[in-house]
Amino acid sequence: MTLPALDLDLEVFTGPFDLLLALVLREEIDLLELQIADVVLAYLDHLEGRGELDLETATEFIVLIAALLELKSRLMLSDDEEELLDLDPGEAAEELLERMLDARRYRSASEHLIELFEREEGVRFRCTALPAHLRRTILMPSEGSQDPDVLGAAIGRLLRTPPAISLRHISIPRVTVAERLEHLRGLLRRGRFSFEEAVRGADRLTVAVTVFALLELYKRGEAWWEQEESFGEIAVHAVAAAEPLRARAV
Amino acid sequence: MSEETAAELPPSDPALERVIEALLFLAPDPIAPSELASAAAAEELSVIAALAALAERYAPGQSGIHLRELGGGFTFASDPLAEDAARRLFSRPRTSTLTPAQAETLAIVAYLQPISRPEITRIRGVSADSAASTLLERGLIEESGRSQFGAVLYRTTVQFLKLFGLRSLQERPDVAQWDPSPEEQAELRERLLRAGEARAGGGPPAGE
Amino acid sequence: MSEETAAELPPSDPALERVIEALLFLAPDPIAPSELASAAAAEELSVIAALAALAERYAPGQSGIHLRELGGGFTFASDPLAEDAARRLFSRPRTSTLTPAQAETLAIVAYLQPISRPEITRIRGVSADSAASTLLERGLIEESGRSQFGAVLYRTTVQFLKLFGLRSLQERPDVAQWDPSPEEQAELRERLLRAGEARAGGGPPAGE
């Protein structure tokens, strides 16, 4: 399977996954309008239909979806979110819970509104113009009845530039995939190394970027890895010329 | 409808009568019995019977709404008795205060005239069409030629000056008093456009 | 109008009743009793008595036109019985249905007004822009000033009350009634905390 074969049927888009990406990148589809969870669900359905996981396309999918998620979160973050990042996990969960409850409340309220709307289906109001002799004549309010300051205040309001959405809290990737690739290739020259070793002392972002780099190496057929048990050590091997790439490495 | 015709008619079907009543209430123009019949999926004779019953209920002296036959069709009209009250209700001056959208649009025209709608929209960050139409209707702004791109330009009117008690445009209040960032040197128009684009979610404002 | 109130009212004056009837027929939007009283140069109590009498004549089952109380005012509306016929006659569907996105956006505005688009987006988790534009176009919401950050604020309109048959905004049910039960909330909280711990304490992400 290739990702382009993944067909989507979403609220804002119907068609193959790669076309969706192209449209998002060309800004013809607003990422804010896209429910990324629906894309993931469609992918999971697709996997279920096939009954097997192709690591290569799964990797590609995860990378692409992660990128979409990051882009979307950047678009959605507002200033208040900054405080959220300083919360401990308990507080963050409370905050998140409050939001989920809010979303749920208004979703239910919207169902109630739709019921009302349907109940009123068929009720019409007259929307006919008044007879000509009764048309609203505009009586001119007296001279000087308006305060010019209203105009000045309106201009002042329009001059106010809204505070820019601060992206300070989004860490600027000081580590690049290219750098980490180089680092991993260096280690690979020894034949094998453990992941732990590759990220020793690194911050979380570097760890994440290293995972991406590792996926990239796997994709290019340069490396292969194994993990004996969950949370156990990950051993990374160079793919020797003699050793054929094992594509189904699950 | 003459007495003789009514005598030959079938009795009015209350449900059909209500449908006809609703249709006449909604329609802006007189409707012919044949049109009513095909809309209500009923015999024309039954429609005529319903109309006869309605004519009795909606007769002068019975109701403030009258059923009238006009140009071969039927329509409801208001009782002339209500004329004075209607004039008082509908001819009152429009509320003299401007809505926020109107105040913003008028202020933009007052300070930057002549100016086109697209530009007003850019500054407001949302469409100014309905506000501009109301201001035109109220005679506070008027057309003043076209921009090089063919868009209609607007300027304020003498009526505007009178309403705000200004002897001339030079008496517009000084923006400095409401200016949130007085240290900025750029021209007012340019700053308004920049703020408008930031509000509309355009590129980040300069300085970021 | 409750029975008890009606009992205390003066008898309806037929001439005033006809004037009120005509005004309601002519007016495009609901009119409050106080407005009717000043237009008809009558006491508000007499107007209320006339409205009570009209409510009896224009009641479901009595007439194809119904007297409705909407948004604090009174207006006539057609009996839904006539909907099919109206559709045929005016060959225009009354209104298209609301999409879930529009309904959610409308619900948020109805409860939290005045509210800005970014706030709506935050609550929904997806952009509300296209839904809000449609609601504006359909006249269900309107602008109502700006927030301190310069975002346009929205509120619901009289049209909204009309289409949803609400006598006033106070008729909205308490939003708290849709809160999940304490057990459901506890379960949700539990799940979130577990996910949070797994993220915070699970070692390098590759180990998962």
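Going by the order they are written in, the chains are A, B and C; count residues from 1 in each one.
Following the convention adopted for this analysis, contacts are C-beta pairs under 8 Å (C-beta built on N, C-alpha and C of every residue); 3 or more make two chains touch, one makes a residue touch a chain.
Being a predicted model, the structure only gives us computed values, none of them experimental.
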Practice prompt. Pick the chain whose C-alpha centre of mass, unweighted, sits closest to the average of all protein C-alpha coordinates shown.
Written response: C
Worksheet item: Measuring between mean CA coordinates, which chain is farthest from subunit C?
Response: A
Worksheet item: How big is the gap, in whole Å, between where the Cα atoms of subunit A centre and where those of subunit B centre?
Response: 42
Worksheet item: Between subunit B and subunit C, what's the gap in Å when you average each chain's C-alpha atoms?
Response: 21
Response to the item:
Cα centroid separation, subunit A vs subunit C, in Å, comes to 33
Response to the item:
The positions of subunit B in contact with two or more other chains are 22, 25-27, 78, 86, 90, 100, 195, 198-199
Discussion item. Can you list every residue of subunit A that touches 2 or more other chains, as numbers and ranges?
Written reply: 124, 126, 128, 130-131, 134, 157-158, 160-162
Discussion item. If we count contacts the way the header does, which residues on subunit B are in touch with subunit A in the complex?
Written reply: 22, 25-28, 78, 83, 86-87, 90-94, 96, 98, 100, 103-104, 106-108, 110-111, 123-124, 137-138, 159, 162-166, 171-175, 177-181, 188, 191-192, 194-196, 198-199, 204-205, 207-208
Worksheet item: Of all residues in subunit B, which touch subunit C in the complex?
Response: 15, 17-23, 25-27, 31, 35-36, 38-41, 63-65, 76, 78-79, 81-82, 85-86, 88-90, 99-101, 125-126, 195, 198-199
Worksheet item: Mind pulling up the subunit A residues that touch subunit B in the complex?
Response: 124, 126, 128-131, 134-141, 143-162, 164-165
Worksheet item: What residues of subunit A sit close enough to touch subunit C in their complex?
Response: 11, 30, 32-35, 76, 78, 89-90, 92-94, 96-97, 99-114, 116-117, 119-128, 130-131, 134, 157-158, 160-163, 195-196, 199, 204, 207-208, 210-211, 214, 227, 230-232, 234
